[in-house]
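Heads up: the structure comes next, in structure tokens.
Order as written gives the chain letters A, B, C and D; numbering starts at 1 within each chain.
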Amino acid sequence: MTEPYTRRELMVVAAGREIHDHEVVFVGMRLPLLGFGLAKATHAPDAVGLFENGVIRDRPAEAFIYTMGDPPNIAGAIACLGLMDVMCLLQQGRVDVGFIGGAEIDPLGNLNTTRTAAGGATVRLPGSGGGGDIASLARRTVLIMEHEPRRFRQQLDYVTSPGHFHGRRSGGPSTLITTLGVFDLSDGRFRAASLHPGITRDAVRNATGFPVAIDDSVPVTRAPTADELAYIRHADPLGFWTGEPMKGR
Amino acid sequence: MTEPYTRRELMVVAAGREIHDHEVVFVGMRLPLLGFGLAKATHAPDAVGLFENGVIRDRPAEAFIYTMGDPPNIAGAIACLGLMDVMCLLQQGRVDVGFIGGAEIDPLGNLNTTRTAAGGATVRLPGSGGGGDIASLARRTVLIMEHEPRRFRQQLDYVTSPGHFHGRRSGGPSTLITTLGVFDLSDGRFRAASLHPGITRDAVRNATGFPVAIDDSVPVTRAPTADELAYIRHADPLGFWTGEPMKGR
Amino acid sequence: MHDGDSVALGLALESGIPFAAVHEMIRQGRKDLTLIGPISDMAFDQMIAAGVVARIIAAWVGNVAGGSGYGFRRAVEDGVPRSIEVEDHSNFTVGLALTAAAMGLPYLPTRTGIGGDIVKNHSRIRPIDDPFGGAPLLAVGALRPDVAIIHVQRADEDGNAHLWGNLGLTVEAAYAARRTILVCEEIVPKDVIRSDPNRTQIPGFLTTAVVEEPGGALPSSLQGYWRRDFEPFLEYHRVSRTREGVEPWLRRWVLEIPDRATYLDRLGESALERLRVRDQRLAAPANFAP
Amino acid sequence: MHDGDSVALGLALESGIPFAAVHEMIRQGRKDLTLIGPISDMAFDQMIAAGVVARIIAAWVGNVAGGSGYGFRRAVEDGVPRSIEVEDHSNFTVGLALTAAAMGLPYLPTRTGIGGDIVKNHSRIRPIDDPFGGAPLLAVGALRPDVAIIHVQRADEDGNAHLWGNLGLTVEAAYAARRTILVCEEIVPKDVIRSDPNRTQIPGFLTTAVVEEPGGALPSSLQGYWRRDFEPFLEYHRVSRTREGVEPWLRRWVLEIPDRATYLDRLGESALERLRVRDQRLAAPANFAP
């Protein structure tokens, strides 16, 4: 009987599992950052993390960081390069996996973080940041989203970060981790790989604005181990990211 | 009555005069390097020197250097950038004047440092180094040469460093400093600006394998002052560059 | 600085944002500025909310801690306090545009963005063929800011700058800009700069002006000098939800303050003490002896 | 290293030339190597004279102190000891070719060389139009070396490298190469590297192997560690005038020596003492405390 955990702690564990040992990882903030630290602490000790500001780390920051530019993320880094350096490594294909979040997603794994008319009037969102670049150039991408009907749309108003498209030469979304489950997006499918404990097929279907394949045999997302929870709570002691709903960018 | 000086000391002084205060100078080795130091010590205290290896200096090296990469040229530099950084500044038009030497020259100020059949059989020369880039991209270039008939050719076998050519959009050779005189090459002319003391018009004509304009009123190259000589002999105490004939690259 | 200038700032992403200069531009009531940067955290949002901006060339405009930039949204969605144009980029495409200018080139090729909407019908980006017969590419046109404003740890009086920690697009922008203005924590003797030429990110002949303004990047961080002051980012995010909320904030923290020194006084010594870095974690020695 | 590999070295120009690796490649009797670099000082000339080179991609091949590279001349002019192909470049075009590969691009545009013969009928350089309608440009095709060999001051066991002083094209080549081999003066604990992440020029995941070989760059210099040993350059220039002169030199200084340690013994302790940097001129402190 495992101890209680939040849905975001479960998502962090799922994110960590997407990182293999020795991989070069384009790390985002929030859940992927925790997932990277968790992977380093468990099954991927030799993974290396790149940040879009040019920072390269082979271990997580020693203190909690709110942004990738916070001083604890610089102190003890193995390199502080420029943004162009890491983007060029990305374009060269030296980055194995990148994490991206989005406000909206479509069945091909396209993400929108630029503008949406989903609610009627057009709402301006912050924009791409490095998301569009990671989506274009990483060998594979892992997407992380709030699983809500208004965010899972058959047709996006704007594609900020390209998913699978005709003529795509490499990369593209491999996995989507949501508040309801984990989904396999490789080669343009949209198939449930696991549902989080207590989440029904109908709950997923009702929260997804387009058809999603869910096998009868779909497993339950593995619960975090005590060690995994211990790591996450050490890294996010106030539950800033794992206790409350995810935020914007 | 000034004290005796070598022809190369005279050339150093002439090179120094080509540098104006506050200019950004792509410095070569040997005579131009001494000329840069001389200009800094006299009329151009705020000139800045760039080297193709990425070094930027606002004062000469503290010790004699044989190559631009020698440690005394790094210690006390204001910046050590990369080769691409200084080349990009050059391509941007941020470099006012660059110095280049060559094995052969033609009437348009084209230089050959790649290969020549002047002596019959083809002789392979070292190549461009940064010379071709400085010739292409500096706002103006100053050329430095041994003045010998075999080097001053109507037609070169190979143009390593472009001089004036049809369709040239900017830059090009402005001045040529030789062992016999100083020549104005601006806008494609080849005109004697001054002849070194004791050098006759005929001596120049006989040493130049193509027509050269020499006014009857052509002045004599101004002799080095005692201060200028003092600087040069302090900077090149053994006469490594100013006592003996110029070398290769 | 002139009205209508294009200004690159916030180039190191979340750290070293020259807020002192940002607030001074607002105080001076600059008009029709074009802001250029990768992500600006809340600096761009404050300038937009203050009405000094006509155009944005950026990859992301918001508030890193909070998400949305409400000043940005009001300007784009409702034209309040004025409408602005937005040239959308990714971090890489805005970086390529600045790098092209830094290299003295009209454009740079790239593969980023293909298949997405950012690069479609973009005024600065167009499809090109690979002259060597490879896959199709995009050409990102050069972007030369009128001014780049850069906060660094130390510089000499000639504007040779030592900068460490985050770099982002700082160097590319300094090379690309027509004028580069340095704000530094300390103006140091030339020999400090000369002691470590590899630490010089910006050579002085690219620098137009140097201003000594300690704490000029607060509330953003500066490695070895200032921690990030997190609360002001959240506070601004809260109050900027409405125009009625942001205007008093602008008066209190920008318009009614003559300069950065007063801003720091208003923060208070206990806050400054909490933010000032006192510990030392020095770089391992590097010997430049010849 | 394999026969037929393309090898980039001498990337910092006159300093940090990995002569220990150069001599080892000669000892191993490598065949048909392609050498890539801006200028190589006498390293390329020695490899050519030893017959291990089939092709040169460089801006300048000679002996900086002396001028001509006689081994290079014999190979090009007379096919002795074997003929070689030469792909001529300027420093900028060979840098652009490596940078294009480092950026993951098929080419980079430039204006350098227009009007000269280097860029005419060049296998890697062709004329292109500016997609934005400006003046004609040249496209320099990407150059991806099989191996880059780089001598640095210090690295950790993962191959994160601190390098200072001359950089030249070192970083671009490390990014561009399929495999990067580091030769360093000292392998240091990771915390030394981590103490100054801005000094890290090459991140470890680009490094294939790290070799600790103090003095491995002699007779070229390495900032803070070794002065340039000038005489061997002049001596090699003298003896390499003829094939009969260079072969005994190669035997004495390369072929009959098992390794770099023996080379240093043969130089003698007094020479090493004269070349070893004992003074300290340390970089000004940079604080990375968070």
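Basically, a contact is a pair of C-beta atoms (placed from the backbone, for glycine too) under 8 Å apart; a residue touches a chain by one contact, two chains touch by 3 or more.
The model shown is predicted, which means the values in this text are computed figures rather than measured ones.
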Item to check | Comparison of A-C and B-C by number of C-beta pairs in contact, larger one | outcome: A-C
Checklist entry - Centre-to-centre on C-alpha atoms, which chain is most distant from subunit A? => result B
Checklist outcome for this item: For the pair subunit C and subunit D, the C-alpha centroid-to-centroid distance in angstrom is 37
Item to check | subunit A and subunit C, separation of their C-alpha mean positions in angstrom | outcome: 27
Item to check | Between subunit C and subunit B, distance of the C-alpha-averaged centres to the nearest whole Å | outcome: 41
Checklist entry - Between subunit A and subunit B, what's the gap in Å when you average each chain's C-alpha atoms? => result 58
Checklist entry - If you look at subunit D, which of its residues touch at least two other chains? => result 104-105, 110-111, 164-165, 167, 193, 198, 223-224, 227, 277, 281, 288-290
Item to check | In subunit A, residues with contacts to at least two other chains | outcome: 55, 70-71, 74-75, 80-81, 90-91, 137
Checklist entry - What are the touching chain pairs in this one? => result A-C, A-D, B-C, B-D, C-D
Next on the checklist: Going by the contact rule set out above, which residues of subunit A touch subunit D in the complex?
Outcome noted: 24, 48, 55-56, 58, 62-63, 70-72, 74-81, 85, 88-94, 137
Checklist entry - So in the complex, which bits of subunit C are touching subunit D? => result 104-111, 126, 128, 130-132, 134, 137, 139, 141, 153, 162, 164-165, 167, 188, 192-193, 195-196, 198-199, 223-225, 227, 277, 279-290
Next on the checklist: Per the contact definition, I'd like the list of subunit D residues that touch subunit A in the complex.
Outcome noted: 101-105, 158, 160, 175, 190, 193-194, 197-198, 200, 203-206, 288-290
Checklist outcome for this item: The subunit C residues in contact with subunit A across the complex are 12-15, 38-39, 41, 58-69, 72-73, 76-77, 88-93, 95-96, 99, 110-118, 135, 164-172, 220-221, 223-224, 227-228, 230, 277, 281
Checklist entry - Which residues of subunit A touch subunit C in their complex? => result 52-55, 66-71, 74-75, 80-84, 87, 90-91, 110, 114, 121-133, 135-137, 158-162, 165, 167-169, 247-249
